[in-house]
Amino acid sequence: MTTQKIDTILILSGGNSTRFKPLGHKNLFVFNGEPLIEYQLKFYGRYTDNLIVVGNEETQHAIKLYAKTHNARFVLQQGNGQGAAVASAASYIQGSVLIVNGNDLYHEPLLTDLLKKREEHNVDGLLVSVAVRDYIPGGYLLLEDSRVTGVHEKPGADNMPSQYFKLVVDYIADAQKFIAVLMRAQSHNDDLYEVALTEYLSTKNFKNVVYKSDWATLKYPWHILDATSFFLKEVKQHIGSNVRIDPTAVVIGDVYIDDGVQVYEHSKIVGPCYIGKNTIVGNFVLINQSMIGEKSVIGGYSEVTRSYIGDNVWTHRAYIGDSVVEGAANFAAGSVTANYRFDKRDVTCRIKGEKISTQRNKLGLIAGRDIQLGVNSSTMPGVMLSSGSCVQPGDVCSKDM
Amino acid sequence: MTTQKIDTILILSGGNSTRFKPLGHKNLFVFNGEPLIEYQLKFYGRYTDNLIVVGNEETQHAIKLYAKTHNARFVLQQGNGQGAAVASAASYIQGSVLIVNGNDLYHEPLLTDLLKKREEHNVDGLLVSVAVRDYIPGGYLLLEDSRVTGVHEKPGADNMPSQYFKLVVDYIADAQKFIAVLMRAQSHNDDLYEVALTEYLSTKNFKNVVYKSDWATLKYPWHILDATSFFLKEVKQHIGSNVRIDPTAVVIGDVYIDDGVQVYEHSKIVGPCYIGKNTIVGNFVLINQSMIGEKSVIGGYSEVTRSYIGDNVWTHRAYIGDSVVEGAANFAAGSVTANYRFDKRDVTCRIKGEKISTQRNKLGLIAGRDIQLGVNSSTMPGVMLSSGSCVQPGDVCSKDM
Amino acid sequence: MTTQKIDTILILSGGNSTRFKPLGHKNLFVFNGEPLIEYQLKFYGRYTDNLIVVGNEETQHAIKLYAKTHNARFVLQQGNGQGAAVASAASYIQGSVLIVNGNDLYHEPLLTDLLKKREEHNVDGLLVSVAVRDYIPGGYLLLEDSRVTGVHEKPGADNMPSQYFKLVVDYIADAQKFIAVLMRAQSHNDDLYEVALTEYLSTKNFKNVVYKSDWATLKYPWHILDATSFFLKEVKQHIGSNVRIDPTAVVIGDVYIDDGVQVYEHSKIVGPCYIGKNTIVGNFVLINQSMIGEKSVIGGYSEVTRSYIGDNVWTHRAYIGDSVVEGAANFAAGSVTANYRFDKRDVTCRIKGEKISTQRNKLGLIAGRDIQLGVNSSTMPGVMLSSGSCVQPGDVCSKDM
């Protein structure tokens, strides 16, 4: 049986990452050994022969390369917003199109369910949603019988038109008709796309596809932890070549151990975990539900729990919990990332100067590249360190650096 | 053979606990899974059919319940001091009586030796003492031949009438006669009981029973550690139901492991120890000669040595040595209770504003309920934390809170 | 075959140790269970029947005893410098002499190579050198054909007369002739010896013996680490009597474990290591390429890496890396000797008020006797603590004490 295809799939990866600081480009974050963009190219590439990535200037060189490898076309985004992104690629789109956000993560049932629905109904379009119990900010579908008649943006908790929270997975059977509407739309704001879509679907037969598996989105830096959880669910037990696991070490559950990894005496790894190439797990180390990059050294007595650790991160007698460490960091002996407040409240972070709740009860450190924590130093929950920061020995760091 | 009985045994548990702060009520402290008062009710209950507990208002609800369970009578104490306590229960006492302090702990030979002595001599009364080498403050027996002729209160080190330090385990063959003396005694001070006893025994045939096993008394909060040692001596090896002990963990000596306990990889427990129901002992944990309550989590890399830990205490990468933690506490990663002075002197504590020597070379933290130690924080030897205290991350706490 | 002999060997151990503070006398530092001076007496004693140690007042009592044990003569040095040292012993020297520095360490090939060269050439003298790639300050040999014609002191990197860096291992066939030159020499400075040697060899047939094995010299306190590496290379696997090594402990490589040592559960020792008599290695301990003295306790969770630890050193949950701890110290829980700079540069130390590079990328603490590190305290790389120093709990010590 050949896979059903969509004429064009458009991956929107051109947004800027200003709310993602101190971390680098979302699309290039590496999970399970490959950059996010590669996962997306593979995920969607199976369902189209015309895969297009819309990217921005900052990351274009890297993303172009990945796109090429996967026989996808790279288009540089002109202007801001989703509407501008689609418009930038308009000349390469024909027939049916699926428009997805490159920073949103889905598992396999997404497209099989969508394609099945397309068969059944022979519709003009399909919107994908998740059923939510509690209100989260975003767009909600307006439904009449089984038809989607509109999308209500940020209706508020008391005013939800349905429980269907709209994802950015929009299938349109006749792409050029929709693009014509988009080009004519009278908005110069960020909501151009939404305005056009609302207009377009009001006269068409759009259906709702309810997505029922896990998903994650990367908007704020702590969302790397959501993505880590997402990707860890895909991990299968694996032991690469030239791996040395001492017989006294304990490995439990689904742990992917890449080539050249060494696990020393008495250590314990509790899956799901991903341990990147040539990484060393020292003596008396605990790693729990975490992703570790390549050439890192999780040194003696260190503990890494529910965290994302990039490449070339060295730790020694350190505790890293519910934290994101992008890469090339050094955690000296006795350094601790506190991840739980005395008052037990959700941890807050400062984004563009504004304190916002992460809605996480446990959150440790969020650190860009090349950071150092001195001996016996501590970071308070939700602290963010930009690249090159050093927390002095013995210090308690409670403010972003 | 039926056990010999005493007509009435009076457990005096009505004293207040002002010198016991920041800890709660002594009588309700739980050792080896049961409150102290239950131990006393069982210990003495075997030797009488008329067991009476004299208690105070603060704890009466709890103690009444325990008394009822053990077929004992609860009497609310009127007035202060031991004399008032006995007087409060006078109407329920007849025949022979044994008067004991509910905060003093003895092992089994106490009553068998006492009852044997009663047989041999057919005496009017028996006082129990321990032979001490060095002076400790308290009452000492005056002896003429084998007869006790008086009790000398606080004679001082140079003036001890004998080496027999009097315990509060007073047997009187004709209780009502003694009570009559007590009622007439001309003291309105705390020493009413002692005055009456001295008067009474001066004309009677009282004998000395020398107690030769371990005992402990609960006066100051650090005495919980003495009581812990006392009770740990009673511990026998036991593994409850639904217990999981990882094969890589090491359990040595007499360790009581209650139902539902989990012991993770590579941990070590060195008896005597008591581990309460559903408590979790994490990875790389060391527990040594300690008592742990229920539903506690001694988390990864934590070390607990010669300490009392109550229920719901969470520790993570913490060191707790020679310490009392009443319950519901949180010890964050890197927190340490220092238990040994640089100058190697005995540790001092502040009781009612006064600095007194604990006569302990090693003493860590004494903590009431709901305390928190932040990451990489430390407490100095002998520090006392009242309920709800938080030691901030990285701080060195050298004063009581 | 009888060993060839030299008529007299002169060990110069009379220099003062002012640049060696805060550490004690170099000659009495214990490596592999014996003081440095004993190693030298044994090393050179095999090659002469007239072994002489020139020492100073401070250490004479101890060194005299060791000399006596090894049938060597002790001579008290009069005046300063190497020339004065040789002159002090002049009346005991006859025939051939080998003059060596008691603070320089060599392996066996030194003397066998030298004696072989003596046979082959029937020379007036032999100087020993090492071939260096990069310039280090000191004397370099001037060679004409195979004859040594002079020694150029501190020529500078651009002006090296040869690659042969002169060691202090000087063989002179006719000692008294050389001493006569020394006595007449017109220098009253420290370089008297060098002046006389240069004059002497200018008219004689001196040859160069190139030493090709490891060597170490003790000038600055961190050189104890070089000496430790030197002596660890001599260590062979050994387990003494009354040793207890728990089956869960891991011992790898050449580890000398002396009598009465105990190694507790789950610990790991990676050779080369030397563990002195009756020392205890607690639970979850890591010892790596280090030398530990007698009666020390490397307590639970401690880690000792590439360090020299003397007798009676107690550590608990401490990290000691690239450090020298002379003896009788206490490292409390959470104490850390930082050994690596944030800026990754070589560590500097202060010697006589002057900051000098140790040319070591990793260097921790250098500590005299009876020092204490409080709980959760830290020392910065290259800090030196004099005897009796205490680093307060929680402090970060970045200055010498």
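Should a chain be cited, it is by its letter among A, B and C, assigned in written order, with residues numbered from 1 in that chain.
Everything below uses one rule, namely that contacts are C-beta pairs under 8 Å (C-beta built on N, C-alpha and C of every residue); 3 or more make two chains touch, one makes a residue touch a chain.
This is a predicted model, so every value here is computed, not measured.
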Rotation angle superposing chain A onto its copy chain B by C-alpha atoms, nearest 5 degrees: 120
Interface residue overlap between copies chain B and chain C, same or different (over half shared): different
Distance from the mean Cα position of chain C to that of chain B, given in whole angstrom: 57
Numbers and ranges of chain B residues touching at least 2 other chains: 248, 266, 284, 301, 334, 376, 394
Interface residues, chain A side, partner chain C - complex: 248, 265-266, 283-284, 300-301, 316-317, 332-334, 372, 374-376, 390, 392-394
For the chain C and chain A complex, residues of the former touching the latter: 248, 250, 266, 268, 284, 286, 301, 303, 319, 334, 336, 338, 340, 342, 376-378, 380, 394-396
